[in-house]
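Pasting the structures here.
One chain, subunit A, links the two complexes that follow: it is found with subunit B in the first and with subunit C in the second.
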Partner chain A sequence: MGTFLIDGHVIPFKPGDNILRAALEANIQIPHFCYHAALGSLGACRLCAVEINSKDSGKAPRVAMACLEPSEDGLEVSVSAIAAQQIRQHVIEFLMINHPHDCPICDEGGECHLQDMTVACGPPYRRYRGRKRTFLNQDLGPLIHHEMNRCITCYRCTRFYQDYALGNDLGAMRLRNEVYFGRFQDGPLENPFAGNLVEVCPTGVFTDAIFRQRFARVWDLKTAPSICPHCSVGCNTLPGARDGTLRRVRNRAHPELNRWFICDRGRYGHQYSEHSTRPLAPRVSGADTSYHDALTAAALQIKLAQNRIGGFGSAREDMEGNAMLQALLNKLGGVFTAFCDPELETATIAAVSALQNIGNAPSLADIEQIDAALIIGDLTAHAPMIDLALRQAYRKGAKLALLHSSPTLLAQFATTAISVSPREVYTRLSRLCELVNIESIANDMTEAPMADIVASLMGARNSLLIGAIETLTAYEVFALEKLATTLGSDTRLAYAFPGANAYGAALLSSAGNASTMLEAVENGKIRILIVAGNDPLGDSRFGSRWRAACHNLSALIVLDCISTVTAKAADILFPVAAWTERSGTFINYEGRSQGFSSVFHRSEYLPSVAEVITNLGQYLGRSLPDAESVLCDIFSDFQTPKPGTTGSLITVPALTMPITASIHSIQKSCNSTWQAALASWYGDEALASFASGLMALTPETVALIEPTSAVNAGLENGSQVKLHGPAGSMVLPVRLNQGVATGTIAIARNVLVQLGVGHGDSLELEQVL
Partner chain B sequence: MEALLTRYLDPVAPLNLVAYQATGGYRGLTAAFDLKPEKIIDIVEAANLRGRGGAGFPCGLKWRLRGADAPSPRYLICNLDESEPGTFKDRYLLYGSPHQIIEAIIVSAFALQVERAFIFVRGEYAKGGNALNQAIQEAETAGLLGTNIGGSGFNLQIEAHLSGGRYICGEETAQINAIEGRRPNPRPKIPRPSTHGLWGQPTTSNNVETLINVPHILLNGADWFRDLGVNGGCGSKLFCVSGKVQHPGLFELPCGTPARELIFEYAGGLDEGRTLLGFLPGGASTAFLLPEHLDVPMDFDPMAEAGSRLGTGSIIVLDDATCPVKVTLNLMRFFARESCGFCTPCRDGLPYLVQILTSISSGEGQADDLELLDELSTTIASQSFCAFAPGAVMPLVSSLKCFHEHYEHHVTAGHCRFDKTVKDKT
Partner chain C sequence: MNNSLKELQENLLHLPPTDPKRRAAAIPAMQALQAELGCLDDAAIERIAQITGLSTTEAEELATFYSLIYRRPVGRHIVRICDSVCCSMRGADQLLIAAEKYIRTPLGTVTPNGALTVLPGICLGLCDKAPAALVDGEALGPLNNVSLEALLQRILQEN
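On to the complex of A and B.
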């Protein structure tokens, strides 16, 4: 740690900092293009020229690139020196030779780094009299618009795409002033983080194609700090709205979570709130009505049912909505849970309790520093930004090991990837635990891949065990916890939870309530079901039972902002505000409580879940305290986190769960040859599945089968098979895939729903000839 | 003087291993294995063998600086990516005597204790590359490559890498990227390739002409080598002469031979009735010299003192019927085309210079264009990332000085003095 001077300002620096990095950290601007805090120095653009006075007074000052010049104690640096200014002016002049000067119609206008730098450093007039070089653009898919003529060749896009996000279908081609950044052929960018090109590009080469469809100038956008609702990582975002509609979502840096980047689901999933099927008016018995009439109808039904009531909160519903629903149900003597799948309920609660025992999950910044990881399941779909953080760890040399049942993108970076059927995961985890306790396993070749995993975890200074809850049972959650305990304190534990507020929802739920509720509806003990942001009728494993059981209800009351199967079946539907249209609190996978603001209001009246429940309480004559008071009653020192801050870890009383009892009820039958596995992809999530741009990239609907299993069953690539599940059957083409476990058929979520099976359930396969 | 480097050259039917050995080939190898590696470096250093690729860095010093204790694996690259306009000396070496190259690499690799060497061959020299691969196979079969060469305990593997074909691949660090299979952009010079080169390991790069001197130095001694030169130069040098001369060609002469001798004696002088306007002494990326420089020794330091560079020792001659503006434009088009596109001044600045030169050349230049060329060249040369752009603007900057009146004439008269279809206004 030392200091140097920039035009009289004292700049502190850390060892290894170059002048530009130290200056930017100290909030002193030095013009630059190719330097990016996440991508480092390159030295290509030559804009960050500064004049450096040597400590040796006899030496003449020299001009250097601030991004390549190491910080030194006592250096005197000048950004304003004439020599440096002249170089910057020339660089801008060179860069603008071929630029189309199309700022008036450019999507980047107003937030264009090139525009800012040109105004700040460039010559006032153009001297170049020749023709401009032009390019043909490429079709890069539905999410990103390509406009190569604007390129200033800073190489940020390829450095992000190839070096940082480890993608391989976008790169620099050709040379001289014809360097072209694109794909080998037209086609959608394949990397799940490709959308960051929009923000990484300092000008308008890569722009947001979804935003472009309903474009607004950046200065006309209403923004407010928000939290991404599309998974449990809790990335900080900055949505932008205009005229009562949401137009785009951008990254908002959080020092420990998403610093510069978000995933494409987070960037493009927001289209759910603009979907044509979104409910915008209250409905009673299929007819649109007013909120007052809907509340009156709901209150009447609840009174008639004499409090035989149950309610679902949701892992994607905020703390306020869940807690208010629970408070109302408490007053009415009803049952509450946030999970409609009993297995998911126990697994999620088990995971929160495991983290309470072991210690909190590491932040994304911490995950980037680990040197070994064991990953259970597919993180790219369940927590995309944890995948990106693990890619950074991999770049630094971390050894990644994977146990997975269906194809997962991280496998290509794994030192050891073992495909195991869902039912085999528990055995494998237990065996890993045993191996940790056995000495000199390395020589035992029969255990080779498993022993390798153990060796890399035991040899690591800083390791991580992480699993995707949606594809784990509580057994496996505990097995992973046990492995973490066995490995010792150098091992961190984390879970990718099934929803932005799954951690918080688990704190409010009790294991076993989901089964209790299903049985109570089936046997008529519950007559009224309130569903807030959940979709029991659309559940893959229990959907058909729920759909049947709902005939016993006198009223299904649904609060949601998307048109789920349950919302469509609602007797009384309350459309509610989407996450950008209201404020609230999410608790992320670390247990970090983060607040989000209302960004804008639509022209329709759309209250939050908490507001609807408050009103319903009033109509029932049961007035409820406000959400903050309710939360304070549950969590003694709860404070609503201020949006725009980094949030804080929620302190909660230790969870107790009658785990053996609840696990026992969900033991699976194992009498079939085939097991179903969820074949997930990064766009696959309840809200994002209503985002049309993202959905245009949905992989083809196929049955993925491991080659040897397929050959044994007489199947080949392209064979047609009919899959049978409890809820129905479906004919699909077979695709052979090495990433699927033996005896497993990996199928998309919508196929699981149609068949009525969950991840790990049995499945019948019949070849269609 | 006696042919040394060109002794074995037969571009039509290069010597196979047996024939090469019969005429004295691979004797340098035997001499080398009798010495300790550090002794070889001492001798090369004492011989004052300077890099023939253009920069003239002392070869012995380069080898010493890499250090005998550099971590393994370490690599040697023989740079045969000859792309400099006017330069065809390495081509003769490749097509004429591939075994001479292999012998030189084995000796140098032994001195550097390198077990894997690469020959980076210009893409257009594909046929030569094939011949080289055949020669490598011959040498492997004969036990001159591989493990425990000649019972010395020394192992070496040589791979010929045929370039994808760009001028920038001749740049040391771009070449390293190319061999690694990456885009051939230059790398930052710190850390140096001598410590962090190919795959992050210590790497030594030498021009092929530099290396083929080494066996001869070992056979005949450092003093003998130094005495080969004249006018203060050391050793033998391959010179190329092209342009407006009667007999363009490759000439092996003592280092330090003046251009007058090369142009007028060996290359047969200019065409009847023509006089010398100027010449490029060391390839396209060197500064123009004038008739007054004809007697400056063609050696590294004297050429630098005259304001140019020895470069590759490739003279390009301009006579008084040649428009220097058009020649310069031609060169600048080449360099603008060959920029790798990495840094702004080179990528976008060189085409800017081409645009201005084009308009001057076609008589559409404006009064302040000459100043603008000067102004832009200064930034391009000083602020670009690698040595490509400083070299690229050298002929332009010197051309503006040496042939100023020709540029003035284009701008003021609106046409070229040599364009017979236009009547001169002045």
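On to the complex of A and C.
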């Protein structure tokens, strides 16, 4: 730590800081293009020229690039020196030779770094009158629009894409003044973080193609601090809305979570709130009505059913909505849970309880610093930004090990990747635990990869065990916890939870309630079901049972902002505000409670879940306290976190975690050769599945099978197979894939739903000749 | 240039897919393939990617950066006129215009008889002989309009 001077201001710096970094940290602006806090210095743009006084008084001051000049104690730097100013002016004039004068029609206008820098440093007029260099643009897919003529060759895009996000389908082509940033051929960018190019590019080469469809000038956008609802990481976002519609979502830096970047699901998943099927008017028995009539109808049904009632909150519903529903059900003597799949319910609660035992999960910034990790499942699909954090750890030399049943993008960076069938995961985790305890591992070749994993975890100063809850059972969640305990205090534990507020929802649910609820509906003990943001009828494993059981209900009351299978089947439907249209609280995978605020209001009246439940309570003659007091009753020192702050870890009483024997019953009863595995991708999420731009990138619907298993079954690439599950069957083409476990068929979520099977369930395969 | 593509592929065969030597083989593989095909078309880039384990984009980055790798068909003879700083100051830009006029074919394309392609080239390190050119790998300079036309005429008439 030392200090130097910039035009008389004292600038503190940390060892290794360059002048530009230290200045920016101290809020002193030095004009720059190619420097980016996450991507470092390059010295390509020559804009951050500063004058440095020599310590030797006999020598003349020299001009240097601030991004390449290490900070030194006592250095005297001038940004305002004439020599430095002249260089910056020349650089801007030079860049503006080829840059088109198209600001009035450019999507970047108003938040363009080049525009700002030109106004700040450049000459006011262009002297150059010759022809400009021009390029042909590429079609980069539905999410990103390409406009190469605007490029100023700062290399930020490829540095982000190749070096940071580890993608390999965007590059710098050609040379001289014709350097071209693009792909080999037209086609969508493949990296799950490609959307960040829109923010990384200092001018309008890469712009948001979804925003472009319904564009608004950025200064006309209404914004407010929000939290991404598309997974459990809880990235901070800044949605922008205009005229009562949501237009785009951008990154909002959080010092410990998403600092500069968000994933494409977070950036483009927001289109769910503008989807044509989104319910916007209350419906009773299929007919649109007013909120008052819908509430009257719901209250009447609940009274008629004499309070034989149950309710689903949701892992994607905020704390307020879940807690209010639970409070109402408590008053009515009903059952509450946030999960419709009993296995997911137990696994999620088990994970929260495991984290309570072992200590909170590390933040993204901490994950970037680990030097070994064991990953169970596909993180890219279940928590994309944890994937990006692990890519940073990998860049710094961390050894990644993977146990996965279906293909996963992180496998390409893994030192050891073992594909194991879903039902084998528990055995493997237990074996890893044993291997940690054994002094020397027998020289058994078949166990070599397992021994490698143990060696890298034990050799690490700072390791991480992480699993995706959706593809784990409670047993495996505990096995991972046990492994973490066995490895000792240098090992951190984390889980990718199945929803933005799954952690919070688990705190409100108790294990076993999901099965209780299903059985009670099946045998008529529950006559009214309130579903807030959940989709029991569309569940992969239990959907068919729920669809049948719903005939026993006298009313299915649904509150949602998307048109799920359950919402379509609702007797009474309350459309609710989407996440950008209301405020609330999510608890992320670390147990960090973060608030989001309402960004805008639509022309339609759309209350939040908590508001609908409050009103319903009033119509039933049972007034409920407000959400904050309800939450304070449950969590003694709960404070609604202020949107725009970094949030705080929630302190809660320890969960008791009974493991029931029923968890594995479905799997044990079957003896088929094939197991189903969820083949996920980064756009695979309930809300994002209504985002048309992102959904255009959905991988083809196929049955992914490991080559040897396929050969043994007489199948080859392209063979047609008919898959049978309890709820139905489906004909799919076979694709051979090394990333799938032996004896496993990896299929997309919609196929699982149609067949009525969950991850790890048995499946019948029949070859279609 | 000496390695045939087949030889290269055989050498790479025993290397694991992530071995850095695979990537290092990209340029020799391109040179070998170019010797066979004359230039690298999209299919050739895909083949290079397959052999070296690079992505097609990475292979394209290399192929389009190096000026001796051709992504478009070239003539049997190639004249590369340097237009970097020294040569440009000594009249290279006028030479390029003159060459284009003389052979009546745009720079970077092939004359109708397939004999010749004239290209602007990056610095050849022949600043002492500016304006200089590389003619089928042989350095020439200093050039003027007269000597350039004589050179082009000789090449065109050879066939």
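In the analysis below, the second predicted complex is superposed on the first by the 755 of 769 C-alpha atoms of A that agree within 3 Å, B and C clash if a C-alpha of one lies under 4 Å from a C-alpha of the other, contacts with A are read in each partner's own complex, and residues count from 1 in each chain.
Here, a residue touches a chain if its C-beta (ideal position, glycine included) is under 8 Å from a C-beta of that chain, and two chains touch if they have at least 3 such contacts.
Here the structure is a predicted model, which is why all the values come from computation and not from measurement.
Student: For the overlay on subunit A, clash or fit between subunit B and subunit C?
Tutor: With subunit A as the common anchor, subunit B and subunit C collide in the superposed model.
Student: Using the superposition on chain A described above, determine whether A:Cys103 touches subunit B (first), subunit C (second), both, or neither.
Tutor: After superposition on chain A, A:Cys103 lies in contact with neither partner.
Student: Taking the superposition on A as described, I'd like to know which of subunit B and subunit C A:Phe184 touches: first, second, both or neither.
Tutor: A:Phe184 contacts subunit C only, not subunit B.
Student: Examine A:His90 and indicate which partner it touches, taking first as subunit B and second as subunit C; both and neither are also allowed.
Tutor: Touch status of A:His90: first partner only.
Student: Report the partner of subunit A that touches more of its residues: subunit B or subunit C.
Tutor: In the superposed model, B touches more residues of subunit A.
Student: A:Arg176 in the overlay: touching subunit B, subunit C, both, or neither? Say first, second, both or neither.
Tutor: both
Student: Just subunit B (first), just subunit C (second), both, or neither: which does A:Ala44 touch?
Tutor: Once the two structures are laid over each other on A, A:Ala44 reaches subunit B alone.
Student: Check the residue A:Gly130 against both partner chains and state whether it touches subunit B (first), subunit C (second), both, or neither.
Tutor: In the superposition, A:Gly130 touches subunit B alone.
Student: Name the contact category of A:Ala26: first (subunit B only), second (subunit C only), both, or neither.
Tutor: Touch status of A:Ala26: no partner.
Student: Which partner does A:Asn168 reach: the first (subunit B), the second (subunit C), both, or neither?
Tutor: The answer is second: A:Asn168 touches subunit C but not subunit B.
Student: With subunit C in view, single out which of the stretches 147-155, 327-335, 381-389 or 417-425 of subunit B clashes with it after superposition.
Tutor: Given the superposition on chain A, subunit B and subunit C clash at 327-335.
Student: Which residues of subunit A are in contact with subunit B in one complex and with subunit C in the other?
Tutor: Dual-contact residues (subunit A): 171-172, 174-176.
Student: For the complex, which residues does subunit C have touching subunit A?
Tutor: Against subunit A, subunit C makes touches at 42, 45, 54-61, 64-65, 67, 122.
Student: Over in the complex, which subunit A residues touch subunit B? Could you list them?
Tutor: 43-47, 49, 63, 68, 86-87, 90-91, 94-95, 97-98, 127-130, 133, 152-153, 155, 171-172, 174-179
Student: Using the touch definition from the top, list the residues of subunit A that touch subunit C in their complex.
Tutor: The contact residues of subunit A facing subunit C are 168-176, 180, 183-185.
Student: Under the definition above, what is the set of subunit B residues touching subunit A in their complex?
Tutor: Residue list for subunit B touching subunit A: 166, 168, 183, 188, 336-345, 347-352, 355, 358-359, 372, 376, 379, 382-385.
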